[in-house]
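Here come two complexes built around subunit A, the first alongside subunit B, the second alongside subunit C.
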Partner chain A sequence: MRNLKTFIQDFGWPRIIIFLFLVSLFVFAPAVGVRLDASISDVFNRFGQYAILVLALVPMIQSGCGLNFGLALGIIAGLLGSTLSLQLELRGFMGFFGAIALSAPFSILLGYLYGKLLNKVKGEEMTIAMYVGFSFVMLMCIMWLVLPYSNPTMVWGYAGKGLRTTITVEGYWLKILNDFLAIKVGRFFVFPTGLLLFVGFCAFCMWVFLRSKTGTAMTAVGSNPDFARASGVSADKMRTISVVISTFLGAIGIIVYQQSFGFVQLYTAPTPMVFPAIAAILIGGANINKASMVNVLVGTFLFQGLLTMTPSVINSVLQTDMSEVIRMIVSNGMILYALTRKMKVAK
Partner chain B sequence: MGQNGPLLSIKNISKEFYGNVVLHDVSFDLHEGEILGLVGENGAGKTTLMRILFGMPVIAETGGFNGTILIDGQEARFSNPFDALDAGIGMVHQEFSLIPGFTTTENIVLNRESMHPSLLNNVFGDRMSILDRSVMKKRAESAIAKLGVKLDSSMLVSEMPVGHKQFTEIAREISREKTRVLVLDEPTAVLTESEAEVLLGSLKRLAKEGVGIIFISHRLQEVVEVADRIVVLRDGLAVKNVPSSGVTIKDIASWMVGRSVSADVRSEEARNLGAEILSVEHLWVDMPGETVRDVNFSVRSGEIFGIGGLAGQGKLGIPNGVMGLYPAGGAVRLHDKEVVLNAPALALNAGMAFVSEDRRGVGLLLEESLDWNIAFTAMQIHGQYLKPILGGLFTQRDEKAMYCLCEEYIKLLDIKCTSSKQKAKELSGGNQQKICLAKAFALKPDLLFVSEPTRGIDVGAKKLVLDTLRKYNREYGTTIVMVSSELEELRAICDRIAIIDEGSIAGVLPPSADIAEFGILMAGVSDSPTKTKRADAPQEAMNA
Partner chain C sequence: MSAKKSIGKFISDYAVLIIFTVITLAAISPSGLSISYIIQEVITRLGRNSFLVLALLLPIFAGMGLNFGMTLGAMAGQIGLIFAVNWSVAGWQGLVFAVLIGLPISVFLGWICGAVMNKAKGREMVTGYILAFFINGIYQFFVLYMMGSVIPIRNAAILLSRGYGIRNTLNLESVRQSLDNIFMLKVGPFLVPVITFVIIALLCVFIVWFKRTKLGQDMRAVGQDMVVADAAGIPVEKTRIIAIIISTVLACVGQIIFLQNMGNLATYNAHDQTGFFAVAAILVGGASVKRASIANVFIGVVLLHAMFIVSPLAGQRLFGSAMIGEYFRQFIGYGAIALSLVLYAWKSRKAADDARSGLRHGASGNGNGAGGQA
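Showing the complex of A and B:
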């Protein structure tokens, strides 16, 4: 009994409620005419799409920079990488990995500057990060118009310059990971093997990194910066490294998302990508000081499961579109919950 | 009321926090009109016992307790302090719980005010009654009279001297008609000696009127003077329960510590010291509140060098500056090689280690496991506890080696914990200090700085910490520079003691020097040696 009690305490009621809710959605799905196999396939797909964006939050949480509300910076680095890859007309795996490689210099530069800034505002990282994200997205809104891209599939047709709001990656690297070794069962179920393998690979790399000397130092900086300093570790350096890694993973995350989703979304599109990622890792059981791979994977699965199932099931029951409302309530509610729990931990 | 039976009896009380037993099978009785002196070191379980008695919620939150509390022979189990108050238990806490902006009277009768009914009562109920100030005043004054002290019943608490505050608290507890058991936790800690005497007189008077009193104090003199019976707690066990007649302070002290407390006899062994290992010239350190201005000293290999002095004179700045934690300048040479200042990693690399005085702030990763705490610095500085993967392409934490290291030190230093995976914040102060020492030992340093190693830990743990330092010095030849505000402890283990005054060294003395000489150095030469008092003021630090 005691084990169960501590398990519930550790796991947290919100997660249990969400889990039970998700299970009930799966149970009721067939009753309202939603195909279970298609739903499950969808859940896997969306899980793969978002998981790396969620994973990108881990290094900064571990190093004590809190939740990366400025993940939009990483996403923009990824957008620069993918648009450059399209501009160079790289196709197939070459295009996908080319996009990642091209985004690397941007993410390292942006991450470094962003990390320097966060080192100057210790204690207020999350608020500052949010505004960094917002303002950089707006700056890029101008840049997308004036940067000299010229590939006809990307620019506005009537002017011949300035990037479109959405650019298709079809014909370049659409579903390049999703279709790699994909397993098809029947008409509706596709298991995106390549996508999940890539997610698994990234999570494994992060796990290995956190167990390395640098990763250990990073965790110690997050736990007690003074202790780390007295042990000869530079807290600022570790924090900057964590921000760079987080930004680069954000870039990889959005490229993985694009190949599955099919479009590169520009202009204000990065902003609404951030909150769901943060909500997902919090649902997974992370708090603002500690996050693990399990938190990432469980959280993404629960959150994306919820987002996939609620529109189809609830909408069929209520005959109205509630999905966006539920997404908002769950993601913002979860962030609120996590931020209030911060005080409890501090006690 | 039980005429002969005990008023309060505590039977087989046990309590554990996170698997650490803090109380084990404690039983004692308190009779009407009896004063029971409860003594024990910090961490012996006194406060926990009183919290259980008073039904503090923290007990239930951490898993409750075993055993029973009987009041007049009837079992009582309090779920909150209000139940305890209703049952007639009054408690005076270490910290004042008075409202500063209220008068003595208002504080004494708080929440039990005498009231006139008013017209509004018909509509809003009792909450709208009017205070009957004259009756309140009479009640307060009668409670004060019971104590036998003079207090102005209309004085604001914020304007009172501390002694009066303490009396106001006690008056509040005894003004309850039902109060028959009064618990006082360190009531005299903040009082001057004359005030304390008055308080003890009041307690005796109260006891004559039939109130049972549990008196907790570090001042053993008072306990012997006032108590009818003395209960000694040690490591959660009630080791003694004796009538106080014929008991001396020395007896109690040795029961508390569990070993003889005769002053540490310095072994007059011949010390075999090597060449100079550390030389410090013109060191200045900008550490807030502990500024070092110009310090010169040298330490020989194998020596234990003590640094003492009053708080704020800069003794803490020395190790913090040499280790690079605060901006510093000057020349520091270790093994005749220049040590780069303001760079903690280089100082550690040079073969020095530091146990910080700020244990919780700098010394520990409170949220992490013990093996992390011990192995982390060695991992970062010497690259130990890492295993190569894929032929040395990259390295991974060697959890197994970390576990072995941690277990080794748990055994060696007798660290009380549930496992090497327990979080550092869950250990008691003394055990946390041992973790800090283990962290420094794991670096295998040539020179170890130890800053205030015994601050805030109890007498028993103090001795263990000092013994450990001495053992490392003797067995491994580790040179130790120890900074401490407690002169006695410096004198017990150091070979030489430097006294810091106003940011520079006032003088270096052998430990055998007369205490007055140290006092003169501490006070600055012109001053009188009375300031040596600080050396026997460990209680302050312990209560912090």
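Showing the complex of A and C:
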């Protein structure tokens, strides 16, 4: 009994409710005529789409920078990479990895500057990160209009300049990871092996990194800055490194998302990508200053499962689309829950 | 040395304000708008927005930063207006009716907001921001699913065709500019909505008076230092909640004034930008997270909106694209918020560092610590 109580306390009521809700959705799905195999396939797919964006939050949480509300910067670096890859007409794996490689310089530069900025404003990172992200997204909106891209599939047809709001990656690297070694069972079930392998690979790299010398130092800076300073670790340097890694992972994350989703979304699209990622890692059990691989994987699975299952199941039951409202309440409620919990280490 | 320092301090204190003034002045001539048109627009927007921006003041006094949770009040006001239209209460009476409906809702929401922020001390701003999103979900649930199905709506014209849920755009014809038009004074070529400005002036008087009351003094003490205030016997948490409740109620009234001037209500996203515009305005006016005055509000509203008026057209003339002007004005709005938050956080950290090093070097006490290294 006591064990159960501490378990519930550690795990947190919101997570238990979400977990039970998701399980009940799966149980009721067949009863209301929703195909279970198609749903599960969808959940895997969306899990893979979002997992790396969620993973991108880990380094900054570990180094004590809090939730990366400025993930939009990483996403924009990724957008620059993928649009350049399309501009150069790179195809297949060349196109996909080309996009990642092309995004690297941007993410390193942006991440470095962003990290320097966050070092100057310790304690206020989250609010500032949010507004730095917003204003940068707006600045890039202007850039997408004026940058000299010329590939006809990317620019507005009638003007011949300015990028489209959504650009298809079909014919370039559509579903390049999803279809790699994909396992098809029946008409509706596809297991996206390549996608999940890539996610697993990234998560493994992060796991190894967090156990390396730099990774340990980074965690130390986050959990006990004074101790870290006493052992000769430069807090500012570690924080900057964590921001750069987070930004680069954000870039990779959005490129992985695009190859599965099929479109590059520009202009104001990066902003609404950030909050679901944050909600996911929090649902997985992370808090503002501690996150693990398990939190990432469990959280993404639960949150994306919820997003996939609620529209189909709830809509069949109630005959209305309440998924948007549920998504809004669950994801923001989760962030709110995390923000209002007592922090173990106060700065 | 000292003059140079004070100029530097002036620039860093008012960086956002200075940048804004320069950009706006520079954009006036390429926009091709006449000065009298711009002035008329600014007068209209002063009447429309000032009340909302004034709602931000009390939480800043109480040290809770910029109250992004004011959106909650805006939503309460919108619910009030929906009912005013539903019961076809027209004219300024309709606005009073909307306020009466919105009042209890905004008090309740303000109490929730204050209680949540008390659990997230030091992170009030980001918490308020997310709370606004969260309550937005609940607002949508009520307005889109409950109204017309569980909550009775008499006026079928405001319902979606499926029979429940309020239409995406609500025509506020019955209350449109009913407050502004009670007494519209013509000053030279300009129309001035006198009653709206009288109400705004009354609110300013209220704020000035409130700052001098016991509660107002307590609030400022809490804003200075929560620990000291607590030791002095001030109920810190309660005072903070009251600050937020008043702010939320004011935001509710402010949103009603805003919408009666606009004349229609985008049911599901009219409140999305409320916090953003209000916060951007007060920061542009020279306020910071910890320090704000009534003057900041009016300077900010004038500057921000003057720029909003000229920038789309200036963008079109200069770059041949209205979209660039539109993105530019949003970039400037968000950028202004980001910049002033950064400047503030950077300065307060520097002050803390200086104080620390002053403490370390000078045994003469920490009285002049802050100036020790600067």
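Note that the second predicted complex is superposed on the first by the 341 of 347 C-alpha atoms of A that agree within 3 Å, B and C clash if a C-alpha of one lies under 4 Å from a C-alpha of the other, contacts with A are read in each partner's own complex, and residues count from 1 in each chain.
Here is the rule we go by: contacts are C-beta pairs under 8 Å (C-beta built on N, C-alpha and C of every residue); 3 or more make two chains touch, one makes a residue touch a chain.
In this text, all values refer to a predicted model and were calculated from it rather than measured experimentally.
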First (subunit B), second (subunit C), both or neither touched by A:Ala31: neither
Winner by number of subunit A residues touched, once subunit B and subunit C are compared: C
First, second, both or neither for A:Glu124, with subunit B first and subunit C second: second
First, second, both or neither for A:Val185, with subunit B first and subunit C second: neither
Subunit B residues touching subunit A - in the complex, by the definition given at the top: 323, 325, 344-349, 354, 356, 358, 361-368, 372, 376-377, 379-381, 383, 386, 389, 394-397
Residues of subunit A defined as touching subunit C within the complex: 69, 117, 120-124, 126-128, 130-132, 134-135, 138-139, 141-142, 145-146, 162, 275, 320, 322, 324-326, 328-329, 332-333, 335-336, 339-341, 346
Parts of subunit C lying in touch with subunit A, wherever the complex brings them together: 65, 116, 119-120, 122-123, 125-127, 129-131, 133-134, 136-138, 140-141, 144-145, 319, 321, 323-324, 327-328, 330-331, 334-335, 337-338, 341-342, 344-346, 349
Interfacial residue positions of subunit A with respect to subunit B in the complex: 208, 211-213, 216-217, 219-220, 223-224, 226-227, 229-234, 289-290
